[in-house]
Each structure stands twice: as C-alpha cells, then as structure tokens.
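You will see chain A twice below: alongside chain B first, and alongside chain C after that.
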Partner chain A sequence: MAETTTTTPVAGDDPPRPDGPSRTDDSRTDGSRTGDSPAYGVLGDSLRTYRMVAAMWIRSTMAYRVSFALTLFNSFCVTFFDFVVILLMFGQVKGLGGFSFAEVAFLYGTAGTAFGIADLTMGSLQRMGRRVRDGSLDTFLMRPAPLLAQVAADKFALRRFGRVVQALLVLVWSLFLLDVDWTPVKAVLLPVTVVCGAVIFGAVMVTGASALFWLQDAAEVTNAFTYGGNTLLQYPPTIFAQELVRGVVYVVPLAFVSWLPALYVLGRPAPAGVPDWAAFASPLVALVCCGVAGLAWRAGIRSYRSTGS
Partner chain B sequence: MLRLYATVAAGGFRRYATYRVATAAGVFTNSVFGLVLSSTYIALWDERPHLGGYSVDDALAYVWIGQALLTVCGLMGGGFEEELIERIRTGDIAVDLYRPADLQAWWFSANAGRAAFQLLGRGVAPMLIGALVFGFTLPSGPGGWAAFLLAVALGSVVGFALWYLVAMSAFWLLDGQGVMQVAWLAGLFFSGMLLPLNVFPGTLGEVARMLPWASLLQVPADVYLGRYEGRELAGAYAFQACWALVLLAAGRAAQALATRKVVVQGG
Partner chain C sequence: MSSTEPFIHLDGLEKTFTVRRRAGLIRREKREVRAVDGISFGVERGEMVGYIGPNGAGKSTTIKMLTGILTPSGGRLRVAGIDPSRERTRLARRIGVVFGQRTTLWWDLPLKDSYRLMHRMYRIPDARYRENLDRYVNLLDLGDLLDVPVRQLSLGQRMRGDIAAALLHDPEVLYLDEPTIGLDVVSKAKVREFLKDLNGERGTTVLLTTHDLTDIEQLCSRVMVIDHGRLMYDGELAGLHGVGESERLLVVDLERELPPIEVPGARFVRAEGPRQWLAFPAADSAAPLVAAVAAAHPLVDLSVREPDIEAVIAKMYGGTREERRESLR
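Let's look at the complex of A and B:
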C-alpha cells in the first residue's frame, strides 16, 4: 500500500521544493511549467505545494526503511490498542451506556477514520510551534507557495496511514455486525460524514496551530480537542455528562464529526436535546469550521514576528 | 562528583520550569483526557461494580493518577529520549562522551530533575481538579502519601531506564523513530494507562502485571489505594527496584557496547 502511494508522486515532480527565495508574486504562473493544469487558484496552488512537500518527505522517510516499517506497524497498533480497550471492556460487560458492542464499534470506526484522515494530512501542524520559536518559519514565508500547505505537509508522516486503515477495518467490521435498516439516505450519509468529520478535525488542527503564533508551547491544547475528541467520540454520548455533550455540539462542534450522523444511522435519538435534523448538518458545520480556521490562520500570520536573532 | 550530578538535576528541573505555557497546556490536556476517561470508567463500573477489585471511587482515582504520572514516569515517552537520539544521529553524542561524566548518570540526573518538576507542575493540578470534580479515593493520611511518593520515584526510575535503553538503539539504527514508537506503544498498553492491569483478563493480565511497565502506573496506583500492607508493600517496592536495576544494567551494557563498537556519525 505504502509503496504505491509513494512512487507515483515521486516520479512526476522533479524539483522537490519550490525554487529559491525572493520571488515576486507572478512566480505562481511560472510554477505551472511542471505541466499540471495551468489555471491555479489559491487552492490549486496549495494542493500542488502540499503534494510536492509531502512527496519529498516520503522519499526522505524511505531512506530508513526498517524504521518506516516499524512506525507504520506501530501507527496501526496504537489505534488497534485503543480498540483492544473497548474489546476488553466488552469482555466484562454486555453494553456500555445502553449501546451494544457493534454500535460502539461503529462509533469508533466513524470517528477513528475521520480523525485518521485529518491526522494524516494535517497532523504535522502541531509541530509548527517549534518553527515559530526558532524562526525557521521564515524560510517557509520566503517561498512563493501558500504557507499553510507548506507547514501542513512539513515532515509529512506516511506512517499515520496505519491509523486510517485500522479505523476503517473496524468500521467495515461493525457494518457486518450491525442490524441497521439501510435507506439510501443513510448509505449516502456515512461516507459524507467521514469526509466532513475529517474536515472538521482538520479545521480544529488549523485553528490550534494558529494559536501557536502567539503561544508557541501550547500545542498540547490542540491535542485535547483532536486526540481527546477522538476518544470521546468513540464512546456513546449517553455515558457523558450532558454539559460535556452540549459543549461538543455548540462550542467545539466535534459532535458533528461522527456522533450525530452516526446516531441517526443507528436509529437512535440525538443526545442532549439536539434536534434530529442536526444529523445532516455536518457539511455546513465543516464549512463554518473552515471559515473560522481560515480567519484564525490569517490573524496568526499577520501577527507573526520572527525571532530576530 | 555527586555535586556535578545534583547540578545537572537542578538544571533539568529549571529547564522544564521555564516553559510555563507548555505546562499549563499539558495540565489542560491531561484534565480533558481525565474527564473523558472518567466518564467511560463510570459507565464501565456502573455495569460491573467492583471490577478488578476497585470501587468506582478507586477507579476514578486511578484515572487521575494516570494523568498525573503520564510525564513523571514516562508512560508515553520519557521526555528526553528524542533529544538523546537526535544527538546520536547527528554525532553530537561524541561531545557528550568526551565529558568527564558518565553518559547514563548524566541523563539520569537531568531526567530526575525533569520528573521532579513535572510531578509538581503537571501532576498536582490534574489530581486536584479530578478530586474536586469526582471526589475520588484519597490515601489514608500522610503515611499513605509518603508510600505513594516512594512508589512514584521508583516508577520514574524504571521509566528512565526503559527509555534510555530505547535511545541506545539509535546507535545501531540511527533513526530511532521506529523503536521509540514501539516502546511508546508497549508503554501505553502495558502500563495500564488505557485500562487498569487488574481488569485485563486471565493470562494477559498476569503477564502484564509482571512486566516492567507495571511499575510505572499500576504499582504506584495500588500503593496509593492502600492495596498493599506491610510485607506486600515491601514486595511491591522490590518489584519496581528489581526492574529498575535490571533495566539500568541493560542500558549500561548497551552503552558500553555502543561506545566500543559503533562509529559515531558526523562530519
């Protein structure tokens, strides 16, 4: 799996980094000479940058193959052990908060897959604090490429793919175990949920990274919402305090990552007095989250001052 | 010589004390995780009271002890091995080996200072928050606290010894990421961070309770909960001390082998 994903981008792009510093804005059009689609918006530009930087890091990782194999295996296991805990719990009990094993596995799979995708693509953002502190972010700012894409792809870790695979396997397994009345709506809602969930998690990561422009050492706060949120979403909302559930619906909208749509698929009522149509609000929430993250990021960049040493 | 190591330890303490925002961020994250885990434990113990011999209040105390000791005992990374591995990879380790101090003792002292700070900075606050929110079991009197602190100190030594051994592997593998993460994984699972080891079923539980990682959280937590008395308490300490000695000796052996056989990186 890893091999195929690595070799494709490596073959295509020759220069791994955008060329030297001090280039004017029209260097963007210059960039199109590599032969991709000529019309670049900011998004296209970002994607291209992201792909190039990520491909470079993948090649660099492949220099230590034993280590890569171990880390990929490990990433798979970390999440698997997460799941072992649930298995161990259900070795002792028949239901948790009124939810069966298959239902908890479904919650685990949806939240885990969404988080895994976000972690794979945006997880490097939490390392940005170091770059702000030591001033190496300056190098990134000099390059004629979107900063967010550069930072997000910085030290791109393909090993995180293990997390996605593991969560996806649990999700598929739970689908076999579950006894759900599938309707076309539910069948469409499931993949949409996973994608929107990943976007919401990604937006949280970007917002958290924006705070690093001011508080370089506060990266761990983001973990509370990303890793902590992922753990929270793996369990049924019935076992948590209602204030906590309301918090992840109305304040940090993590409930839209998987809980609300997943509960709809399972045919259970939404928690904490949330209206039922909220199960379909994930795309909208994801969009709003991206807006907030974008604003936070802009504010962050504007206030950036190098270390100046 | 002892003064040197005391200075190094004090330096380790001060170094981590400098990063106040990071400490506050850590306390926040530990508390959020404590909150989430507490809810799952309450649900679990609700279904099965006295699971693993713990009452709900004991289980909740366990959760918050885990959050408090996370960095102190190196449950998910010792906090120093990344730096040591980087020094090995870049070849800076050669400078360390020139110093008129023992490599392992140097890092041991620095780590002791770090652990002491993190016990105060990142241990006390989550415990307080957890105790206020959930009102879990507290040790019986100052004697109970003292016994707990000794177990934590021993646990942190075992934690250091484990991570030092991990860092030594970088002499051969250069990129320590893989081994580090496997160790991270083992620590996460076998320390009882995810679920108390006495809830693990059958043989898995028995094996897990014999492994060195049990010294990091399970033993200190059981000492805290007053599950050991007299002789048994001494036995629990002996268990930790044995693993500490064995692992420190292994670390020394690896270090000796590495410094004799391995060509240092660098240019």
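Let's look at the complex of A and C:
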C-alpha cells in the first residue's frame, strides 16, 4: 500500500501509462514544452531535421561501401571531363575572351565549388515535382519537422561530394598558377564568395522547387538556371553577349555567385557596366535571395493541393 | 484549449479547388469544385468515429485539412485547440495518420531505420520509445520485418508497419484513411482487433474512413456519412437507413453449368457459366448457407463479398449515385 502511494506522484523515467479517455492534459503539455521549445526556432529545427535525415541516408549508403566508392569516383570523373574540355581548348588557344588558362580555371573553381556545395545539400529538391504530382509530399507534411529540410535532405547523396572535391582541386591549382597581388581583402573575399555563391545557388533551387507546387513539370527550368548557370559562370563573361551578362546580374543574380567577386580578385573590371563595389555585394544578394526563396516556399506550401484519395 | 470545445471541431468547413480545363487550343476554362462544402461536427476525446462516403465525397480532403496538409478555403477548424494549417508541425506531434494507399515510412530504408528516425523527429523520450516499440512490434507481429526495407514488405505487412509508426509518439488522435484496403481477411481482422484495443486501453481518439462496412460495424459506435462535400448523416450505425437491409454476396464456382441454385435464406442474383452469385442478408452467418449449397451441388470454389459503403449509401438515398446525379440535373 505504502509503496503505491509513494510511487505515483513521482514523475519517473517511465511515465505511468495513461489509461482510458481520462488521459491527462498535463503530461501532454509537459511533453510538448520540452520538445517544442521556442528557442529552437524554424532555422534550428530545420538544421536539426536536415542533419538527422541526411545522417540516416549516409548510414544506409555506407552499408555498401564499394558501391559508394564507385559512385563517388564516377561523380568525380563526370565533372572532371567537364574540365578536360577547358584543358583541351587551351591546348589550341592562348586565351579565352582575353582570359588566361589560370584565370579561367579560377572562375571554374569558384563557380564549381559553390555550385557543388549547393548541389550536395539541396540537389534533392529536384525530385519535388514528382512528390507533388504523386502526392507523396503529404507524408512529409504530416511530420513535426520543417518541410524544406525534409525534402532537401531526402535521399541525401554523399556521392555529389565528388563534384565539390573536383572543383576545389581546380580552384587550388589555379591559385598556384595565378599571378595575383593578394591583399587581405581579396583573401577574405574568396571564401566568402564561395559560401555566398553556394547560398545563392541554393536559394535559386528552393525558389525553383517552390514553383513546382504549381507547375509540377518545371524542374528543367530550374535546372537551366542551376546547372546552366554553373556552366555559364565557368567561362569569362567577356565571351557572352552583354544582355545575357546583364540578365545574370539584375534578373537572376547568378553573377554574384562568382563572376563579380572573382573578377575583382583577378584585378579585372566588372562586366556590362556594373559598378565595382558590386564585387562585395554577394552576402547581401545571398540574403535577399534567401528571403525571396523563403516567401516563395511558404506561398507554395499554402497552395499545395495534394492529390485525390 | 477551452474545455467546452470538442476535441476535434469543424464549423462550416469548406474547401474549393479551381480546376482548369482545356477548352479549345489555348483557351482554358476555370471551374470551381467544392470538395468540402460547409461541414460541421465535433468529436470528443476517446471517441471512435467512422467517416464514410462514396469516392470523391470529400473524405480524404477533410482528413488532409485536419492534419494541416491542406489549407481550408472557409470555415473554422480546431484539433486539440490548434488550427492545423497554421501550426501544422506543432499539431503533428499530437496526431497520428495512416493512409492505406500510401506509406509514411521511408520507402528504401529498413523498417527499424524509419522508426529510429521517427523517434528523433518526434522527440519521443527514450524510455517511452522503447516501451512503445516493443509493444507494437509485439502486437502487430513486426519482429521479423524490422530489417526489411519497406519497399519489400507486402501490403499487409506494410500497413502494420505504418500503424506502428503512427503510434510511436502516443498521438491523441489517429486518422485512418482506408486502413484495411487491399488486405486479406486475416490481416483485416488483426488490424481491427488492434485498433479496438488501442481505443479501449489508451483512449486514443480515432477517425476512420473506409469503404468496408465491416470496419465500421466492428469498430465505430458513431458514423458520419458525407456526400458531395456535405454531411448527410451523423449518428449510430444502426440508424443508417439501409444498413439493416444490406446484403452480402456468395460467389459459387460449380463444376459445370447448372440451373440457378435455390437454397433457403439466399436469393439467386445471376450466373455466368459455372459461376453463380447468391445474395443473403449481411447480418446472417454465411456458414449454414455454404453448407446447404455444398450439400446439394458439386462445388469447386466459393467466396463471400462484403457489402460496401457505396451500396449502403446508394440505398440510403434510393438509386445509385449516377441516378441521383441525373436527377439533380
């Protein structure tokens, strides 16, 4: 008797099983208070979810190590051949649009690394269209975690890391070849550029994925901006039409991913009459892009229609 | 949460979809479809309610609004005092959802990986998680399936896996959308038994949509019928006009083509070669009927078809859905 009276009020590690419809409200609010602490915020929650889901996918990929090593190597090779094209080209010509091989390699490295990071972390968003079409997005929406993090981390493919490594190698190589007067500003600008570039690419991917809530088959349009944008940025702006260059400065601000800051590092003027200070505007542009992407995403979720049944 | 408001509360809930249809080469016609057209009801804690209606009546749309997946076009909606579409992720921790036609599990991962992820995503306390997992693995016979990737599970296995997944975080409400669809008789019985116990022991509120009248008969004391996005009936199953008169079908495969079978308690419906269809009241047992048929005829095979909701509702309004539609024009 005495034992039962003492154990009941104790909130032990093993809570008493709620019996019948009299389940207490108290235990529930308690539970949600600890789990739902507002200190986390959406961003913290998103990061936590992303880490969790991505970690699980990595673990499941690592179950087949050889297969993983092969796909990683494959991803590395595919992007490497991409660069071989540039190598071959410079076997025939001395410069491209007035840019030396080292300079083109530098452009290639900065854009490629930024894109690689974005592709690694956000590439799964491409599959959103299918999820919207077949209604399997419902499942994600029913879970107590931010949707964007769930979709972006879904089937997290570590093999995409091969692209990052390849672009990074080219970037490092170009740094040895380049003849640049390094200043502290330039030294700081380079890593900042790569990070901001990845964020801008990521924001474009999210914005594109948001459009899929309405246009389920528009994934290719986004790819034109992301994969296409990456290819565009790997070459000097001087070889493209000025209208195109202006487009990626003012419309879809991909020029801030690498062109503008990289040209500053190389000591070259900004293209298409863009003011020189624009080279330092990448963080601001990245922030604005994230804002636009966030709004688009929210609007997309609210207009999600699911499927029949 | 105010104490006077029911646990689940819908007040004039509406959902309209705009459907665009091509009319000619470029011109597109816009048309509004009211999937849910002003539904109001309340469900108290611990109730087990059947939510039924023909295909396209608006059942799934309602459930999706209750989970926050879809944003209502009008009306008011509260689940546990929460507005689902505004606070979807907060509500998610307190509800469990099982879609019969779609898994909530990670398709390519072993069942136990899915559960492990749920554990962390729902922030279930460790002790609670282990206790629940053991319990449901036991009750739903999942022991041998934990290491199998979800895509390799049979429909019945997957359904049991899904039900366990929906309950790991001790939801206060469980929405079940066609939980027995496509299951064999044994699996159906298992699922029903489990749900009944769950509601009895844990007091989980259950809202169930189904096409299978037996689900409702065995589980729900209260049933709501929805058609064309409107609530047509809310009350006891017995009160549903037409339920008592509903019939089951006995499908008999004979060795050869024979004249219509005549047995007491059943009515000959039609024949197709050696196969014959007999109808008998849904409330009657099939056993004596089968015995009577087998005694007098050379049997090859037989099966029993349960009456479905569609038939009952059609009877309820007299005539089939198509006929009603005609009469509306």
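Here, the second predicted complex is superposed on the first by the 270 of 309 C-alpha atoms of A that agree within 3 Å, B and C clash if a C-alpha of one lies under 4 Å from a C-alpha of the other, contacts with A are read in each partner's own complex, and residues count from 1 in each chain.
To be clear about the criterion, contacts are C-beta pairs under 8 Å (C-beta built on N, C-alpha and C of every residue); 3 or more make two chains touch, one makes a residue touch a chain.
All values derive from a computational prediction rather than experimental measurement.
In the superposed model, A:F81 lies in contact with chain B only, and not with chain C.
After overlaying the two complexes on the shared chain, residue contacts for A:T71 are found with chain B alone; chain C is out of touch. Of the two partner chains, chain B is the only one touched by A:Q92; chain C is not.
In the superposition on chain A, A:Y235 contacts chain B only, with no contact to chain C.
When the two structures are aligned on the shared chain, A:A218 is found in touch with chain B, with no touch to chain C. Shared interface residues of chain A (contacting chain B in one complex, chain C in the other): none. Within the complex formed with chain C, the residues of chain A that make contact are 13-15, 17-23, 25, 28, 31-32, 34-36, 45, 49, 52-53, 56, 59-60, 135-136, 138-139, 141-146, 155, 302-306, 308-309. Residues 19, 21-22, 24-26, 28-29, 32-33, 35-37, 39-40, 42-44, 47-48, 51, 173-179, 181-182, 184-185, 188-189, 194-195, 199-201 of chain B are the ones touching chain A in the complex. Residues 1, 17, 45-46, 56, 60, 64, 67-71, 85, 88-90, 92-95, 97, 99, 101-104, 106, 108-109, 113, 116-117, 120-123, 125, 127-128, 131, 170, 172, 201-203 of chain C are the ones that touch chain A when the two sit in their complex. Within the complex formed with chain B, the chain A residues making contact are 64, 66-71, 73-75, 77-78, 81-82, 84-85, 88-89, 91-97, 215-221, 223-225, 227-228, 231-232, 235, 239-241, 244.
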